[in-house]
Amino acid sequence: MDPKRHDWGDSNSTQEPPLHKAPRPHVGDSIQESFPHRITSIASSNTLVQIPTEQSDSAENASQSISIKETPQMRHHRASLGLHPLAPLHDDHAQHGRQDLFWSRVRVTFREPFAEFWGVVIMILFGNGSVAQVLLSTGQTEGAPGGNGFGNYQNVNWGWALGVMLGIYVAGDSGAYLNPAITFSNCLYRQLPWRRFPTYFIAQLLGGMVGSCIVYANYISAIDHYEGGHGIRTVPPVQTATAGVFATYPQPFVNKASQFFSEFIASAILMFVIFALKDEANMGMTKSAHFFPLMLFFLIYGIGACFGWETGYAINLVRDFSPRLMSYGLGYGKEVWSAGGYYFWIPMVAPWLGCMFGGFLYDVFIYTGQSPVNAPYLGLSHFFHPRQEVRRKIEAEKDLQMV
Amino acid sequence: MDPKRHDWGDSNSTQEPPLHKAPRPHVGDSIQESFPHRITSIASSNTLVQIPTEQSDSAENASQSISIKETPQMRHHRASLGLHPLAPLHDDHAQHGRQDLFWSRVRVTFREPFAEFWGVVIMILFGNGSVAQVLLSTGQTEGAPGGNGFGNYQNVNWGWALGVMLGIYVAGDSGAYLNPAITFSNCLYRQLPWRRFPTYFIAQLLGGMVGSCIVYANYISAIDHYEGGHGIRTVPPVQTATAGVFATYPQPFVNKASQFFSEFIASAILMFVIFALKDEANMGMTKSAHFFPLMLFFLIYGIGACFGWETGYAINLVRDFSPRLMSYGLGYGKEVWSAGGYYFWIPMVAPWLGCMFGGFLYDVFIYTGQSPVNAPYLGLSHFFHPRQEVRRKIEAEKDLQMV
Amino acid sequence: MDPKRHDWGDSNSTQEPPLHKAPRPHVGDSIQESFPHRITSIASSNTLVQIPTEQSDSAENASQSISIKETPQMRHHRASLGLHPLAPLHDDHAQHGRQDLFWSRVRVTFREPFAEFWGVVIMILFGNGSVAQVLLSTGQTEGAPGGNGFGNYQNVNWGWALGVMLGIYVAGDSGAYLNPAITFSNCLYRQLPWRRFPTYFIAQLLGGMVGSCIVYANYISAIDHYEGGHGIRTVPPVQTATAGVFATYPQPFVNKASQFFSEFIASAILMFVIFALKDEANMGMTKSAHFFPLMLFFLIYGIGACFGWETGYAINLVRDFSPRLMSYGLGYGKEVWSAGGYYFWIPMVAPWLGCMFGGFLYDVFIYTGQSPVNAPYLGLSHFFHPRQEVRRKIEAEKDLQMV
Amino acid sequence: MDPKRHDWGDSNSTQEPPLHKAPRPHVGDSIQESFPHRITSIASSNTLVQIPTEQSDSAENASQSISIKETPQMRHHRASLGLHPLAPLHDDHAQHGRQDLFWSRVRVTFREPFAEFWGVVIMILFGNGSVAQVLLSTGQTEGAPGGNGFGNYQNVNWGWALGVMLGIYVAGDSGAYLNPAITFSNCLYRQLPWRRFPTYFIAQLLGGMVGSCIVYANYISAIDHYEGGHGIRTVPPVQTATAGVFATYPQPFVNKASQFFSEFIASAILMFVIFALKDEANMGMTKSAHFFPLMLFFLIYGIGACFGWETGYAINLVRDFSPRLMSYGLGYGKEVWSAGGYYFWIPMVAPWLGCMFGGFLYDVFIYTGQSPVNAPYLGLSHFFHPRQEVRRKIEAEKDLQMV
């Protein structure tokens, strides 16, 4: 084995000194450093730092005796997960007296993956939950106020849209991507370090599985009732199929090319608009970071209302593959993979390409900041000299003390 | 009898001196002190304090002659209700000339319970009102624009969601919990003093009863019309039952375990997301306290749209038990208790456990501030030494001059 | 004739000197002074005043030579309308070079009535328009996306709710009451001078008539089509009646007492929640004046979704009486008055009492600022000594230089 | 040929010196200068300028060696497009190291047209997409959660409303008009230079065509399915027509005058409310530029919900003509022009007149700033001396260094 891997205390020593010298960055700053495509508003960072609360006062007094609790081990662990050695912590909280407990250190070490995980769980809970409620109550007249089930298709739009919005609030400190294709595009176009990608991806995948499991557990007796018997589980196009609660299945008349195009274009719109919403240089006047989650509500609602019919707008691997895998494990049979002409691979592939393309379009036509597209031949030159490109990227990340 | 209990002026003398010495806290501060889990934004507190309005100017001049109107008696009364001796008052208003009238003193003494009471009234008015309108107009074609009743199930989501949001605006100064299980979790995890709990609980309970009475009074002729005769009152699963307007009744195919799980998981999501929205250390960047009520709209809408079918998403004792008791008193019969296999106890129990669990999850995985979970063995150690724990808690509250 | 009435320049001389001495108030201030129940946020008023725009720069230079354009005549005219002698103008705009044209002076003189008028027009356009679209397209399948008309009852909620919200934005400078009962309550509880009431009332009445006329003009061929022939106009309960587009008609099974109670309680909720939203002393933390119009959207939506069925939630004289009068004039016949057992007087009376009651409740239980309720015997003492009360009020307004 | 036209470096020399002397304007300022009807909030402009991000720090250091990248050629190109010689760039981005690449210069030169183009594309994608989804899935019961298609008419309102809102966020730096009639009114009433109009118009036209092409490509197999065969394309009033996905077609019972009036009044409302929302002098208190896009959501939703039935609320040439032309080109036949009695010209003409009228009303009754209506005879005098007027306008623009 590599001895350094277990020698947590020393292996990172070369990167750490600058951290000790500089004063601990504020929350805003450390996020800034990790996600350079974001701009922290002065107002909000001040709010966090200067408020004279009782809590913070006592914490500040305490801070003179208690040192910052990110031990070298934690930094090493975080670095080996691809994260910035310093977690994005509130100053006061970072100096909290009980941060040296085992679990407190775990919580800080895995801060971003935990955040992504729970953000995806919340997103899936509301998303899959809304489909479950609407689908399983279809046509119910008795005991339904209004006499026609518990929600219609619009309800599904609401569910996914507000699931994403609340998921962003929950996952705040991680960057709140909730979608590996969006993480990927941020690595590609916005200098998010590539080494964070695997950690985020795994957290998102697990979140999708846990979320859909909870929805299944919650609706298990309703599913039995709808399928017509205990333990019966079917997949579309069976009339009483309930697999559509978890993963997406395309409309029967849509051919493969249209399926792919639909997912591709929806993902491209998603990425294009997110980059526009995050681009403070584009109409700073009417933009406010506070509105970002609300706008994501409208964006997801819109994609569901305008491009959600043909293929169910997966636009996210973890929203489709994780619940599909879960439903396979829970007894829906091999049809979860074979349905729709082995449709399952399309929402695994199209979102990446769509997000790449949407981000590319935004950077080509509008974005004026630092981007690989701002390079000779629109950045496509990177493809010609890949080795040189990788080397440069690694060096750049080293300069940011992130390796 | 304990003579001190009626000697309002003296019994609290030991706690009061520090209050006289220090300048009167601003609104923001006193809230801060009462609810240490909240962080006041500088901007908003300044807004309240420095605005040179005519009103405030005259009040300020007055303040040199008229002293602050919270008499020792009021402080004692408030303390005996479990409230902070100083009410969360606007500075200018606190020095208003007529604050020494009897009712003005009552208003200040009961400030938080009044706020909770009216917040719950508003919530129940809109919530129960929306169910009433949708249920009682089901299938009406004549005189209905659109030809199909006055709203569908989505309307119910709107009603409860905006009822909670507007209730929060109304109940602002109390903390605006509107749900005893949420008050409970704030006591448990966020240092809200336990002694406030009973006062809040009673105010919330009464609010639920008054709110549902008003809805009943408003819809009494429509209920007669729907039930098919004057004074007929029935409970589901009777076809024309109207008891569902007030309390929740589960779907017939859902078994007890699923009923409990549904309420439990919905309450856990509620608490988890509220803690995320209130946690300023989690993505302070895109958070703003101004958005909190709006986000509660989406949260309640989402729970109704995604987990509202099986059991009617009570997730709140006072939303279910208070109207149920009221409907029992108004002649719906013993079936309000026995319906659904004596379902009534589930929304009385599950929300507490759900909120506890949701808050526990948030504090275990994300929250980095002061919390009993930030203790050895995830705070479960508190269970091992309960006496010691209680003593410590009482001392801590004494230090905050709250006993 | 009273010579002073036409001697605009001199009649007000006693009130004017202080205006000349003091520097011209900023927009925020003058609103403040006119509507003492509002608190201007510092941030927003600064924004308006200090921004170094090209426009304002040139205007400021100009201001040294061009004096403020509110001539004594205009002040007198405004005072005789019950308005503050100085219009709530943006500083830069007040000094605009062409403010001495005839119409510019008219525009400034009638600033608040114009604002109320257009605010009500916008409200009625969207409100009546939404009912028209939903009602007249009921059951249309051909040419309707979705195959079931152009909107359902929820659409009506949207229409009224966003009509009120956008009307508030349009009517900003007048206070944006859009409802004489709310103006009335503000006079009663929030020191809005009573002498403004008639001017506002007339502007609101006219706005309601003009707005409903435009809706009628827009939908005239659709009304002909729905009624089944050119020029046929009927009133509910006729099957194909279209009078419900303009005024409200109650459900047939609702008795008079329930009709009155429904309008009363809806108006009380309206006023109670508006006072809560405007009460900066109640949870200043999560309140922001910027959210006020959006919250009114939710409030109106909620009243429509929860208390809108039985009587159509008029809750506003100008929303019901003005269009009703207009529809009478346009040929709907005497039935517009006699329908529903001469229902028409209820929305003319109930909103005033409801708003009075809702405001009373808020001031009794929550409001801590200056209010007639903050008086011996909850302000009901005012009823015992009315003459004395009126004299005191007039003196108080004189002190504010408003008579 | 005109030699100056190709001598980019020199032809503009007379206008440029002042630009070199003055420090480069901030983003906010340059927008201010271009669109004098807007007022930048201090807070937001500061946010953009002062944030000490890593990016900006390095950029600032760089800026000492690298000069601003808007070469004289680019300025000349921009001026000949009618744009301000300096693009509305973020300071940091303007000094980015790679701004001298060919495409970077193209991006900066065409900044506003690109922004308008993509804003319109996004608007049309969501708008046409929502109609497509609702129309083509009408009546589908199998595989539809809720059992009744994928959305109803309300979905169409959502689609257009959020399309406009997100389009505004995308098109931020151009002014985000997304509608030539609104650009036109801003030229007429708000000093937007007329010479920008053609460039904006062309960008908007192209955006409408590209957006509707993408929607067509996405739904091509669904259109085949709905029309009943490969390549069949029909226009209303054919039962299974799909041309209504792209352009608007009036209801059959609406006569020409009502068609025109409906589009006219909807456009007038649009312009009137937009001017109210943009008029910071009208209730600056509760206005915030941050809310502008959200309010446009409600405005467009409202127009669709209240005035959208008779003619489909085109209210925008590029929303109707561009997709109509596209659908003609794609094989829908000449009926796209002849349907509804050659209805197509109405949405090409009415929006201009409607927006002019709406803006006129606002300026006559409410607006107090600089406007041609603030002139003798309400600005109608401009019609009497057109030549003199044009000369004065050109001189005024010269003073602003914009010719």
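Which chain is which? They are A, B, C and D, in the order written, and residues in each are numbered from 1.
In this section, a residue touches a chain if its C-beta (ideal position, glycine included) is under 8 Å from a C-beta of that chain, and two chains touch if they have at least 3 such contacts.
According to UniProt, the chain labels map to these proteins: A, B, C, D = Aquaporin.
These figures come from a predicted structure and were not determined experimentally.
Identification of common neighbours of subunit A (Aquaporin) and subunit B (Aquaporin) yields an empty set. For subunit B (Aquaporin), the chain whose average C-alpha position is most distant is D.
In a homomeric contact, the two copies may use the same or different surfaces; for subunit B (Aquaporin) and subunit C (Aquaporin), under half of the interface residue numbers are shared, pointing to different surfaces. In terms of their C-alpha centroids, the spacing between subunit A (Aquaporin) and subunit C (Aquaporin) amounts to 45 Å.
Each chain gets one centre point, the mean of its Cα atoms, and the points for subunit C (Aquaporin) and subunit D (Aquaporin) are 32 Å apart. Multi-chain contact residues of subunit D (Aquaporin) (touching two or more other chains): 40-41, 43, 149, 151-152, 154-155, 290, 294.
Contact annotation for chain pairs lists A-B, A-D, B-C, C-D, with touch applied as defined. Here subunit C (Aquaporin) touches subunit B (Aquaporin) in the complex through residues 32-33, 36, 39-43, 131, 134-135, 138-139, 149, 151-157, 236-237, 239, 244, 249, 251-255, 258, 261-262, 265, 269, 272-273, 276-277, 280-288, 290-291, 294-295, 298-299, 301-302, 305-310, 361, 364-366, 368-370, 374-376, 378, 400, going by the rule given at the top.
Contact residues on subunit D (Aquaporin) toward subunit A (Aquaporin) in their complex (touch as defined above): 27-28, 31, 38, 40-41, 43-48, 50-51, 53-55, 89-90, 92-94, 96, 98-99, 101, 103-104, 107-108, 111, 114-115, 117-118, 122, 125-127, 129-130, 132-133, 136-137, 142-152, 154-155, 158-159, 162-163, 165-166, 168-173, 176, 214, 217-222, 224-225, 289-290, 292-294, 297.
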